[in-house]
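By letter and in written order, the chains are A, B, C and D; residue numbering begins at 1 in each of them.
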């Protein structure tokens, strides 16, 4: 603490904190105030379109964590019937590689992110839990639904 | 741009000083004899024109029959680099340590010892680094399960 | 006159507010003075190198996020560059620009965290830390817009990037650059000339130039010692040779120099961002790369200048869909080599400060 | 002047203008004031903690506690209740008796100090004629409690924190006392009430700017406020001397700590800012306003400044503040002797000039001693 500058540095610092005292607070009080998240949000859940899925299991092969479980059986007209389709979201790292890999655009990341559960078992999603009819899909790798989602709220656009 | 030195020319230089040190030369790397590794490294560090003052990284790869340790040397002065490899047997995995020349070998050699099980002779503190001392085996070996 | 007391051992960490993760320092103290120090690693070892051997080449990308989790983009980039080098894949122009933009944004974000936590370690009670986080939030917002997550981006792909920039990205970034610049100036007012910080950090924890090179230090730790060595200039990867920027260096390699180098680097990153935003062309963002990359047998080392230093990936391929060996050169681990030399003789408070000035991330040190 | 009905003042003026000598015929005076002081301390501590959390949050661009009650004012009451109901954990290595006594030893002196603080002319528990001496002597007892806590916890972090505390308090007591001596000379009395009365025309901050500076800095160091909070440096020593404490014992430390802050703010307000003197508002309100102003400045510095190192802390006390305090004392003594009736109009500028010159000179000459130690 050499006072060769006679405390000017300390005084400067005090003005900066005082200026910030008068600025707008940055905190968003989450459950009551919410910011709109990105359109490409990678929620910790998958959304699945039953119509588009052909049961090729590319997603299961791509998944680095190996949490996608898919069982198919040969159906009519040279196609596969998806019998089981399960995702253990407890082990999912939301990397989005499955969505990217899906050749038929049948898999989506979810737009929702508030997915805490009380039991681990409840984190395993079966095919009916993931149907696109019931869930909001995110625009991650699916730019076609980007416009249907609200625009992201950026902190930089906020007033000071 | 960091230029990779021509391995053949460097190998020729090494051969002049330390005959028998170079085992094999490929486009990418020089494979040196494990026993003369320290001399080669010393030659690299203290020869004008080479001046490798920066040991960027040390890696070990398990090739089932032998371990290959890969050294990447960089010279900040001339901005050139060179890859040097050395092999050691699976039965007696040991190589000379380069800590006396570059201290950056310290943690990296310890890590290789920990995960790959190669002992570096002359390292002042050859202990496990990321795993605990009682740990059995060396996880990065291909036969570790 | 020196008063001698009985030395005693103090375990700093693994759970301690200032160890930046789970790091343990076994310090032997003589009163307040540290007489011996032994760093203990490994509390966050997850075996990423081993895990990488069992995944496909693209499946490793999410793993690399988890190395230096405050700078996942640069880790992604280093790995992707290594695989591209191995497989001989070229990357489209636009993707290169996006890589540069994201890397520089990431560098600013990571430096904000480093500087903030350094000042917090110096004892400025959370105020600078939260200011830095406030600015970082803007960058994180942009990353959220770009790839849907705020911390672990997994954005780079072999042969390009995962998705194109959204339409609203570049306007927001253009708005961010001047904002950030003015804020850096403001935060320089806050503590740059503060007498207490100068007294605490100047001349403390000096890393001599020769030692820095010998221990393989990189990044701000190396540049703080006055060595002008930045891979973006020394070995320009991606398209860094097209941009104009300076390499800030310190004078004597003390804590204050490292702190200043980080702040100046943020300014330089903003310069690069400005140029990249102007120059970015339209076009493809991803080369024609199959889902399962099978590089030919061989090996490649690629490195980038991450916020902590030289992040390198040494990938060995045997021609299959998974890497045969994937070695990670972790800059933080190398920077910590000379920790003992720098700390011994200083006091406990300096220990915290010197350690904080490295700005390590344990995810990267232990892997 | 606006006449404000003042219940407390009227009541005490009638019954006990200035407290009489021990053993006191007005026994209820003691009782009432004891209750008032204890309530005052507890309420002030709760307000101080609330303000601290709230204002430091605002400085850091946050909001601070705002959930419990309107604007979060009941947050600390909720926290206190929680701490009361919490399990008290005794570490295995602890010296239990001392471990249990330490919080009491820390907190009790804080209450005792207020015995001599006037809330209004004559409105105090006991107008001791050695008031300041009493304050200094009693408030230093807390340090023993801190050391007891650090020693008995059986924790190395606690021990380090306690040792730092002892070093800091012993060093800073000297410049603080010397700074107070200047005030005492000006007022001609050790009694706090007399000192406040002596500031009727001019608060002593104008006459004794250097003394104020020394008391503020030294006081911050004594009650371990930032930038001198290295006794419980949260980023270094986890929590310093009270690392091992939990539940109500920890709450006592917290009370003691913020109680000391109230004491220091009150002392500064009383000695330098004119205490309860002030136009318009009732005197007790003036005192409160001044206390809160001092508190705000303390929070402001805490939000801004980094922490000093222990040797720098000591160097500051011994090499910078101690000589300055001595010079200040001599200058004040000369002024009091030479011009006992000098007009403040002339003395104030002279003293400010002297202060500025001394601080500049001290800054120029001040050199930090040790840095790295060869081991």
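Just so we're on the same page, a residue touches a chain if its C-beta (ideal position, glycine included) is under 8 Å from a C-beta of that chain, and two chains touch if they have at least 3 such contacts.
All values derive from a computational prediction rather than experimental measurement.
Chemist: Upon omission of chain C, how do the remaining chains partition into touching groups?
Modeler: The remaining chains, counted without chain C, group as follows: A, D | B.
Chemist: I need the common contact partners of chain B and chain C, sorted by label.
Modeler: none
Chemist: Need the most distant chain from chain D, centre defined as the mean of C-alpha atoms.
Modeler: Centre of mass proxy via C-alpha means gives B as farthest from chain D.
Chemist: Which whole number of Å gives the spacing of the CA centres of chain A and chain B?
Modeler: 43
Chemist: Per the centroid of Cα atoms for each chain, what is the distance between chain A and chain C, given in Å?
Modeler: Measuring from centre to centre gives 25 Å for this pair.
Chemist: For chain A versus chain D, what separation do you get between their C-alpha means, in angstrom?
Modeler: Roughly 51 Å, centre to centre.
Chemist: Two or more other chains in contact with one residue: find those residues in chain C.
Modeler: Within chain C, the residues that touch at least two other chains are 127, 130-131, 134, 190-191, 194, 196-197, 199.
Chemist: Residues touching two or more other chains, restricted to chain D: which are they?
Modeler: Correct list: 59-62, 303-305, 308, 312, 368.
Chemist: If I count partner chains per residue in chain B, which residues reach a count of at least 2?
Modeler: Not one residue of chain B touches more than one other chain, so the list is empty.
Chemist: Output every touching chain pair, sorted by label.
Modeler: Listed in label order, the chain pairs in contact are A-C, A-D, B-C, C-D.
Chemist: If you look only at chain C, which of its residues touch chain A in the complex?
Modeler: 55-56, 58-63, 127, 130-131, 134, 137-138, 141-142, 144-149, 152, 154, 162-163, 166, 168, 172, 175-176, 179, 186-187, 189-199, 291
Chemist: Considering the complex alone, what residue numbers of chain D touch chain C?
Modeler: 56, 59-62, 156-157, 160, 164, 226-227, 229-230, 233-238, 302-312, 368, 371-375
Chemist: Which residues of chain A touch chain C in their complex?
Modeler: Against chain C, chain A makes touches at 1-3, 5, 7-10, 12-13, 15-17, 19-20, 26, 37-42, 58, 62-64, 93-97, 100-101, 109, 138, 140-141, 143, 146, 151-152, 154-157.
Chemist: Flag every residue of chain C that touches chain B in the complex, lowest number first.
Modeler: Those residues of chain C that touch chain B are 41-42, 45, 47, 49-50, 211, 213-217, 227, 229, 234-236, 241, 298-299, 301, 303, 310, 312, 314, 316, 324-325, 327, 329, 333-334, 336-338, 366-367.
Chemist: Could you please specify the touching residues of chain A with respect to chain D in the complex?
Modeler: Going through chain A, the ones touching chain D are 1-4, 6-7, 10, 13-14, 16-18, 20-21, 23, 25-27, 29.
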